[in-house]
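Sharing a structure with you now.
In order of appearance the chains are A, B, C and D, and numbering begins at 1 in each one.
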Amino acid sequence: MYGKGVSRFGVSMPSELLKEFDEMVARMGYDRSKAIQLATRNFLTEYKWTREEGVVVGSLTIIYNHETRGLEETLTDIQHEYRGLISSTTHVHLDERNCLEILAVKGEVKSIQILAKRLMAERGVKQLKFATLML
Amino acid sequence: MYGKGVSRFGVSMPSELLKEFDEMVARMGYDRSKAIQLATRNFLTEYKWTREEGVVVGSLTIIYNHETRGLEETLTDIQHEYRGLISSTTHVHLDERNCLEILAVKGEVKSIQILAKRLMAERGVKQLKFATLML
Amino acid sequence: MYGKGVSRFGVSMPSELLKEFDEMVARMGYDRSKAIQLATRNFLTEYKWTREEGVVVGSLTIIYNHETRGLEETLTDIQHEYRGLISSTTHVHLDERNCLEILAVKGEVKSIQILAKRLMAERGVKQLKFATLML
Amino acid sequence: MYGKGVSRFGVSMPSELLKEFDEMVARMGYDRSKAIQLATRNFLTEYKWTREEGVVVGSLTIIYNHETRGLEETLTDIQHEYRGLISSTTHVHLDERNCLEILAVKGEVKSIQILAKRLMAERGVKQLKFATLML
């Protein structure tokens, strides 16, 4: 049924939604199929994330105040504990106080969620965003 | 062209992706069209770029197939064009085919959105997620 | 003989050499033992590198002209082939033409040397430097 | 203090490092003092900072023990102070104890040398290698 390469199938959609979608697609310079594929991948990733199952790749991005006493060491300790999930961490020195830190991650959704919670729980960590994608 | 009510159109998709999508659809108890609609609405919300102004920091994370002819060079060309926004790009070699690329960005929201659109529009780029944070 | 923790031993050295060493050590704000340890680790690393044996960690840093036709793709192909050695690659967009690319590596000396040679052999790669350290 | 001829002094070193060093020394057919002298001469040459001027790009790669009390914070403080030179820092969590950190740098040779000295002087920093390239 799926064969190799590319499959083609029909979709029905409220005309209003399709119109809005087509406008966006045109603005972005895509074609419909490309955009539907992007949307589908995001949807699958969110599904995995919500169900807490499967393997994803992506990034965790945090901003923190490096002057918070002991924070640097705690963040590094946590990352070493979860180093199996982290390919590398990129650190950008934003200004006197603020650090942007981006962890490249790959692993079980559940483990990545725990890592994210651990980081976010630390005093001095101002924001955390995750970007999860399908392999 | 869109009329009232429901429109029907054809979509093409890598068979591999369709298979995984259908499995999820079955588990959720939806049909394909229903799920594509949900995915589309999410997509519209996620990439309905805000009209906000101001400077943000954060990351753009993409996954792409580096075997797509000319893709590497196009992605680098785009990034060089927008290098004023990009502190550095981290590249993780996931497997034979797939690359995870994370851009550490800082700049005007609008400019970062344009950069994201440019990257996402390229054939071979499978997903893009942005994580922008306020300084 | 070695016990746990720290060992202490005597060293003899031409007075002239020691004087030059002490001056440098003072300028750098070290003490002799710290500096001897740094020197010893570098020496061990170089020994492994020359003998082409053992495991090292470190970085390969290259500058290349991303406008060279096909170079981006070749560099990525090579890195994917050797992805077992590369934790991540950081890419900095220097100017219109020039890219700084830094590979974080870990693995057998021999394999890292082969990877370095492969990268350096490509037309458009202007310089390559490696920084190898002991784990 | 140095007199003519040969001086003798005591050195302390982690026993683990001394063990590996002695094994190498034995295989090379040297004695410890001879090997320390060679290591010292290399060290003097490698870090005999040039008086060159001009702008270079490249990387500083260090390995350190993140368990050293206060080290993480000191390293981040130093990097924030010199953030004008550093595009980004990549951190790889090697094992329980050891961190590989790679700074992508661009700036005046002299300033980069000062940054390197500051980092290398910290207790817990085991090695530092720089790879500077001309644009």
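The rule is simple: contacts are C-beta pairs under 8 Å (C-beta built on N, C-alpha and C of every residue); 3 or more make two chains touch, one makes a residue touch a chain.
Model, not experiment: these values are computed from the prediction.
Asks: If you line up contacts by residue number, which pair in A-D, A-B or B-D shares over half of them with C-D? Let me know.
Replies: Looking at which residue pairs coincide with C-D, the repeat is A-B.
Asks: So using the touch definition from the top, which pair is joined by more C-beta contacts, A-B or A-C?
Replies: A-B
Asks: In whole angstrom, what separates the CA-based centres of chain B and chain D?
Replies: The answer is 41 Å.
Asks: Measure off the straight-line distance from the CA centroid of chain B to the CA centroid of chain C, and report it in whole Å.
Replies: It comes to 36 Å between the two C-alpha centres.
Asks: Which integer distance in Å separates the CA centroid of chain A from that of chain B?
Replies: The computed centroid separation for chain A versus chain B comes out at 11 Å.
Asks: Using mean CA coordinates as chain centres, what's the gap between chain A and chain C in Å?
Replies: Chain A and chain C have C-alpha centres separated by 32 Å.
Asks: Hunt down the residues of chain D that sit against at least two other chains at once, touch-wise.
Replies: In chain D, residues 87-88, 90, 92, 94-95, 104 touch at least two other chains, as defined above.
Asks: Using the touch definition from the top, list the residues of chain A that touch chain D in their complex.
Replies: Touch list, chain A to chain D: 66, 70, 72-73, 76-77, 79-80, 83, 86-96, 99.
Asks: State the interface residues of chain D toward chain B in the complex, per the touch definition above.
Replies: 87-88, 90, 104
Asks: Under the stated contact criterion, what part of chain A meets chain B in this complex?
Replies: 2-21, 24, 28-30, 32-47, 57-59, 61, 63, 87-88, 90, 92, 94-95, 98, 100, 102, 104, 106, 126-127, 129-135
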